[in-house]
Amino acid sequence: MPIKLPSFRQRRDAYPSDLWTQCPTCQEMLFNKQLDKALRVCSNCGHHFRLSAAARLSLLLDQDTFEERDSGLQSLDPLGFVDLKAYPDRVAAAQANTGLRDAAVWGFGAIGGRPIAICVMDFSFMGGSMGSVVGEKVARSAEAALARRIPLLIVSASGGARMQEGTLSLMQLVKTVAATERLRQAGIPLISLMSDPTTGGVFASFAALGDVNLAEPNALIGFAGARVSAGTIQGELPEGFQRSEFLFNHGFVDRVIHRSDLRDELIKLVGLLAPVQLADAGADNGSIAAFRPLSFLSALADRVIPESDEVVRG
Amino acid sequence: MVERLINRAGRKGSGADSAAGPLDPADPTAAVWARVQLARNLRRPRTLELLALIADDFVELHGDRYFGDDPAIVAGLARIDGRRVVVVGQQKGAETDENIRRNFGMPHPEGYRKAIRVMELGERLGLPIVTFVDVPGAHPGADSEERGIAESIAKSIALMTRLRTPIVTVITGEGGSGGALAIAVGDVVLALENAVYSVISPEGCASILWRTPDQAPAAALAMRMTAADQLQLGVVDEVIPEPREGAHTDHPATAATIKTAIIRHLAVLERKPLDDLIEARYRRYRALGAFTTLDVEPVIIPDRPGFTDRLRNLLGGSTRATNGVGPNPTRPYDEPPAREEV
Amino acid sequence: MVERLINRAGRKGSGADSAAGPLDPADPTAAVWARVQLARNLRRPRTLELLALIADDFVELHGDRYFGDDPAIVAGLARIDGRRVVVVGQQKGAETDENIRRNFGMPHPEGYRKAIRVMELGERLGLPIVTFVDVPGAHPGADSEERGIAESIAKSIALMTRLRTPIVTVITGEGGSGGALAIAVGDVVLALENAVYSVISPEGCASILWRTPDQAPAAALAMRMTAADQLQLGVVDEVIPEPREGAHTDHPATAATIKTAIIRHLAVLERKPLDDLIEARYRRYRALGAFTTLDVEPVIIPDRPGFTDRLRNLLGGSTRATNGVGPNPTRPYDEPPAREEV
Amino acid sequence: MPIKLPSFRQRRDAYPSDLWTQCPTCQEMLFNKQLDKALRVCSNCGHHFRLSAAARLSLLLDQDTFEERDSGLQSLDPLGFVDLKAYPDRVAAAQANTGLRDAAVWGFGAIGGRPIAICVMDFSFMGGSMGSVVGEKVARSAEAALARRIPLLIVSASGGARMQEGTLSLMQLVKTVAATERLRQAGIPLISLMSDPTTGGVFASFAALGDVNLAEPNALIGFAGARVSAGTIQGELPEGFQRSEFLFNHGFVDRVIHRSDLRDELIKLVGLLAPVQLADAGADNGSIAAFRPLSFLSALADRVIPESDEVVRG
């Protein structure tokens, strides 16, 4: 049994209507407004639909606390890569389709009143693949979290490294892990939240190395892709192979958390992982002012994160 | 799988023969593909063959201290030119039986955990680390996934970014994505002339982006996976020339050149203060990547449900344009997700 | 095995009932054995029951990052009296089904490796560590041996000797040899009044030294395994009194006393500079042991082939008295080797 | 199939003659002089007979380089332990039978001209069980190796912790590991050589934690003893369960080495693990002079270990 490959074509066929969405797991027709209110979890079978970066941020963070950073990072075409289509055209199409500049967004925010750095991937942008821009954003989020001594939350949703940037994409595994390791070695917590899917080079780098690894239910989490596994594995795959619960049973995920509990769990977890940092966060506020939120997400970021002392009070 | 890989090995052999002929500059695709075959040639020297020619002393260490010992990765203590070092490298077998025993050089998690253990020993003892990289990719099987192949690769990469001892990496054959990178994070990364290094196998890349593995040569060219290309990209610091028709035609000469290069670089690295060494290593990888920073204007959004609309909708507003929400676009969408081993 | 342990659990239950009666000081063996039964009482509060009563917040962390997650060991982050701590403890099940799921509180290597991972996290975050010890012993099965139960215990002990953060250990029930010690290396070691701590189970000790498990009560007395005895020996630093007929009769009162003791000791330990803390921990264990140093005269050797003769013989001299060489004496020899889990 | 328990009674029955020894593995009758010359390895099947501490030292170290330390350590009876026999009587009997004061001997020596600290256990003394004296000797050997910055070689041969000293024996696991950890953290190599048997608390402490773990062929190495395993394990045990090769296959032993290769391998290994230490070893020589070798093993120790500069030359 080869792994079911996430595929947009299939998804597209699965959504005949603007008003109703069919659950790919239980085939139930779901009224979209209800589905959105249920945080895009199937009310019938609990299937967790994928979330856009913006939706994920609004789901997890204290309202209006997100302040994006480095929204201007734009990938280049270091290899002059052309397959059936030129890489720059693929990027342009993805930008037009998603309104994102690349597959990751990072910035500062607050959760339960505590400041954190957060980096969120978006699978709808070229399968959430990690190229130079995604790698750079993850690394910068880790370096910023270290500078402010605040926890870093990375929400993964990715098929792996971006082939079109060749080994430069592969090098992002080192770049990101080098940065998150500095964070961890300094005693600043890294929380890795794996959503569907978290595979290949993303799982084989920062996503697997959280001080705490969380996963949404039934998310596809693994190293080798369907084609590889299908071609190499004899016979049946184990029950639930490469799904969140499988990873939990094998010791690589601390907790599998239903989306409706996610924010509360994170608030509790951040509270236990991180002391309230006064000096550091405060000292750094000058540099915050230097930035201006500029992307679409600025709609979410019209307030700066709370001053540290407010954090203590709140 | 075994049968499949033996066939593949067979093809490698023939590929190598054909590659013995001159490469046609007029046909870059063929030229690159010939190099890929050379890199995969079963008669290329692997870690143990190289050590036999390079090291005065070698004691192999076995076992990951958790689950088993992986024959696809060799690790141990060696003396090279009077200098004590820790060596880690992948190991394919030259003959079919040995190759099967070595799992075609494709490590399981145990292999990378053994590498981690021995590299940590090297750090404690203050010994520099030398790694030899030649791997089609980490083993992609179910057992490998069960025991956390991705986690073991990530942990090995993480360790190498912070090891407080010099690291010299030599890509000697196939630099197969994450399975290679796991032991290829160095202060200096060298590559043999006919070695290749790629984010995914050309066959895998072709089957995803070209929808057929037959386009592997085209994918190999597009990924610029040769040692020379990697040098240009800055992923590799120095290319080590190979003798005659390739490393497989003259092991001693190959080993001698590699030995000289390793010693030369270790001598330089050992003079650096450790803090500078680690910082330089961090900077080396921190700098790899190709992007620009635009003076940020919102990207023009086509005339269809806007992002903020969608967001408002998600937060409980109107039901229009749900098709646009998050990852479920109804619009045509032709990027296949990059689902592959790194 | 399961059936066997359920029966044993049954006996424990009844044992506890009988123990509810007063202990007869005139019969020390019976008194000690009653305590052993109390320590094993299935209704005693375990790590999770205690945390529910002691902690304001608790998030359990799962998995060893190598092989699996062991339900016999609980680990996580907790807030106790406003103080953030890392908690690690064994977990038996109160009901039979749960007890089977928890493997009767007997950890596999995964359990100790999870403990190691979470304790290392605690050290990185600068959080003190609290452990709750209650285990018949590490799981002695073949799978446990295959994955290195001894190595995992040794590594956990090793980590705890050098963790740069305060550690408070509470023996709450059965302190079963190495399986207990693996998470019981502390700056302060507390024990509940009816807890026991031993190098081997009384049944195991009896079956080896008395040649029958029926002598378990005698072995229990001989090993001086009660909390009070351990306090005298210096293995335990403080005994925490239990309510009424024992901890199982009043969980809240038990938890309250434990909480007070933990907070009191953490407050003291947290004021110590880390270097002093580690050195004091080293000295604590360095001092445990009972020996004397004789002004050395060779021990009188009986009139039979002497040691040096035997040595000469071993080095190739005469063949006489080979019977004396090394470990193959022909003389009567009645010490059974202490082959047992620690 | 329960594990075969090492037992002296059985061994005694196995040696009917003073001149011949029957191999417990292949039943071959071996002429003792030949057996000794073969380092007590069966010429027929390769069975490795156990070695006394003295034989082990003479096998491994450069000739006449052993200098014993702490030979006067004598166990007490902290629990007043009496089973079928009083603990002090068992100790006295073992001393009379073996000529050893307890189950371990430690001191300084040289191997391939390089100074090392070495601690050797002797199974013939109460099954090599670890009580306060053994634990103290292991700890002192580690502390001395750290002070001189020379490698430590520990040769294990033990059934585990000594029951007659109760939890004080158990505490020796911590004492020994605390000392060997300080050694390893300081970058001084610890070599653990496991001979038949290495089980229980000895395997669950320093023996398992060598920077390099070596084992003699077919040595019994494991945690739980025969009685425990037999009582708890369902059905057949795996092939070669708890033997050196089994431990090797499961990743816990680096090398399984035939006794005839042992010294050469160790010379090579020590040479690769340890730089020649001039300053430290030299600085410490004063304290060497303070000692006088006093036990039976003094016969092996009538020379002091080479001066460091001699080590360099030789």
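Note that the chains take the letters A, B, C and D in the order they are written out, and that residue 1 is the start of every chain.
In this section, a contact is a pair of C-beta atoms (placed from the backbone, for glycine too) under 8 Å apart; a residue touches a chain by one contact, two chains touch by 3 or more.
Note that this is a predicted model, so its numbers are computed, not measured.
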| item | value |
| --- | --- |
| Subunit A-subunit B separation of Cα centroids, rounded to whole Å | 25 |
| Subunit A and subunit D, separation of their C-alpha mean positions in angstrom | 53 |
| Interchain centroid distance [CA atoms averaged], subunit B/subunit D, Å | 43 |
| Residues of subunit A engaged with two or more neighbouring chains | 185, 250-252 |
| Residues of subunit B engaged with two or more neighbouring chains | 65-67, 147-148, 151 |
| Chain-level touch network, classified as line, ring, star, complete or other | other |
| Contacting chain pairs - touch in the sense defined above | A-B, A-C, B-C, B-D, C-D |
| Subunit D contact footprint on subunit C (complex, rising order) | 1, 4, 137-138, 140-142, 144-151, 153-155, 157-158, 161-162, 175, 177-178, 181, 185, 197-200, 204-205, 207-211, 218-219, 222-225, 230, 233, 235, 281-282, 285-286, 288-296, 298-302, 306-308, 310-311, 313-316, 319-323, 325-342 |
| Residues of subunit B that touch subunit C when the two form their complex | 65-67, 109, 113, 147-148, 151 |
| Interface residues, subunit B side, partner subunit D - complex | 57, 59-69, 77-79, 84, 110, 114, 121, 124-126 |
| In the complex, subunit A residues that touch subunit C | 184-185, 187, 189, 211-213, 248-255, 265, 268-269, 271-273, 275 |
| Contact set on subunit A toward subunit B in their complex | 5-9, 11-12, 15, 18-19, 21, 31-33, 35-37, 40, 49-52, 54-55, 58, 70-79, 81-85, 90, 93-97, 99-101, 122-124, 126-129, 131-133, 135-136, 139, 157, 159-163, 165-175, 177-182, 185, 197, 199-201, 203-209, 222-229, 231-234, 237-238, 241-242, 246, 250-252, 294-296, 299-300 |
